[in-house]
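Right, one structure below, let's go through it.
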Amino acid sequence: MSTWLPSLITATAEEGFDLAIKLSRVAVKKTQPDDAVRARLRPAYAEDFDALISISHVVATNFQTVAAANGYWRTEASA
Amino acid sequence: MSTWLPSLITATAEEGFDLAIKLSRVAVKKTQPDDAVRARLRPAYAEDFDALISISHVVATNFQTVAAANGYWRTEASA
Amino acid sequence: MSTWLPSLITATAEEGFDLAIKLSRVAVKKTQPDDAVRARLRPAYAEDFDALISISHVVATNFQTVAAANGYWRTEASA
Amino acid sequence: MSTWLPSLITATAEEGFDLAIKLSRVAVKKTQPDDAVRARLRPAYAEDFDALISISHVVATNFQTVAAANGYWRTEASA
Amino acid sequence: MSTWLPSLITATAEEGFDLAIKLSRVAVKKTQPDDAVRARLRPAYAEDFDALISISHVVATNFQTVAAANGYWRTEASA
Amino acid sequence: MSTWLPSLITATAEEGFDLAIKLSRVAVKKTQPDDAVRARLRPAYAEDFDALISISHVVATNFQTVAAANGYWRTEASA
């Protein structure tokens, strides 16, 4: 069975951050599943700094979850 | 006894994310229980990007809870 | 001595979610103790989707606390 | 030495919630120390539901801290 | 080497709260390093209750971090 | 392989705070990758106190993650 979220575990912190961005976007998509509508809204918010900061906040919240799931990737630290 | 929230435990991370969305919606529903009113409000917010981002933030907050409850589904990782 | 918050421990996750809603409302009530004023404000926000999402966010934040207090009701899982 | 915050430990969950409200107010006071200004602003926000919800969110955030500090008052549960 | 943040550890909860306020301000300063601009903006937000609540929310978020770092100052409790 | 986020581990709390700022900015950049657009938006938000407070909130959220990853830099405390 295919899934968009097979696991919260990622090889690196950077991949974990990308997963946090993905989680943030999927929640938007599940609320507004119409691709055409989202595409229409995108140009406006991408030039709206308040919206960009709000998105960054959502990503930060999801990154807390992903980072905790991965034990903060501590074993690859001190590289 | 039937309940809308029998448990926070889910089989997979993806099901956990869906539960986080459900928790976010139930809180709205418990504040505004009138289905007709919520149906009337829906078209507007679904085209309001600020609202979509805010919803994504709520989902992220609930997903922290669900993910922690499930030990981040670590045993099914590295699949 | 009577108290509105005898404990954060609840029998089920669903009761825990209801407690999170209660915590969110009590904070509003303690800031605006006048029942008449709150009753006057209610119709407007109950039809304001931004307000409903914000309330859902507060509930999510309180639910994190209640769920952690209850060890995420893990023992009753897989029911 | 007198202090407004001798400890995060409280006897009960209800007192902990009151402490969370206090923490939320002190942060406002430390940013706007002028009592007269805060008194002037109060009537407006106390009738502004968005403001009341925002305050409830801050209280919820502080309550997470106070509840964790107190081990969620688990020993007095099942009372 | 001088630093504005030598440690997250403080002697008391009250000093920890002050550190949380400092962390909140430094983030603003690092985004808008021009002292003259910040001084110009200050009178307006100090009379804007929404802004004061938002600041209190940031302080609450930082206080979670500082309090966790200090083990919630539990050893000095019951004083 | 080069990466913008090799690790969440930093030598000091101050470097950890800088990393939290970086995480906050990268999320903005990944949503609006056009450098010219971000440069155009910058002057306005840098003079908008609401935006500065919102940014501080995002930084606080990311700092929670970075600080937890580093065990709150406790070993270098009491310096």
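In this document, chain identifiers A, B, C, D, E and F correspond to the written order of the chains, with residue numbering beginning at 1 in each.
Please note the rule applied: a contact is a pair of C-beta atoms (placed from the backbone, for glycine too) under 8 Å apart; a residue touches a chain by one contact, two chains touch by 3 or more.
These numbers were taken from a predicted model, which means no experiment stands behind them.
Student: Do chain C and chain D, two copies of one chain sequence, contact each other through the same residue numbers, with over half in common, or through different ones?
Tutor: Mostly different residues: under half of the interface numbers shared.
Student: Suppose each chain is reduced to the average of its Cα coordinates; what separation in Å results between chain C and chain F?
Tutor: Taking the mean C-alpha position of each chain, the two centres sit 31 Å apart.
Student: Could you please state the distance in Å, as a whole number, between where the Cα atoms of chain B are centred and where those of chain F are centred?
Tutor: 27
Student: Provide the list of chain A residues touching at least two other chains, using ranges where the numbers run on.
Tutor: Answer for chain A, listing residues that touch two or more other chains: 50, 54-55, 57, 61, 64, 68.
Student: Counting only chain pairs that touch, give me the topology of the graph as line, ring, star, complete or other.
Tutor: Its topology is that of a ring.
Student: Taking the contact definition as given, in what order do you meet the chains if you travel the ring from chain D through chain E?
Tutor: In ring order from chain D, with chain E immediately after, the list is D, E, F, A, B, C.
Student: Across the complex, what residues on chain C touch chain B?
Tutor: Touch list, chain C to chain B: 12-14, 17, 21, 46-47, 49-50, 52-57, 59-61, 63-64, 67-68, 72-74, 76-79.
Student: Which stretch or stretches of chain A touch chain B in the complex?
Tutor: Those in contact with chain B are residues 3-9, 23-28, 30-32, 37, 41, 44-45, 48, 50-51, 54-55, 57-58, 61-62, 64-65, 68-69.
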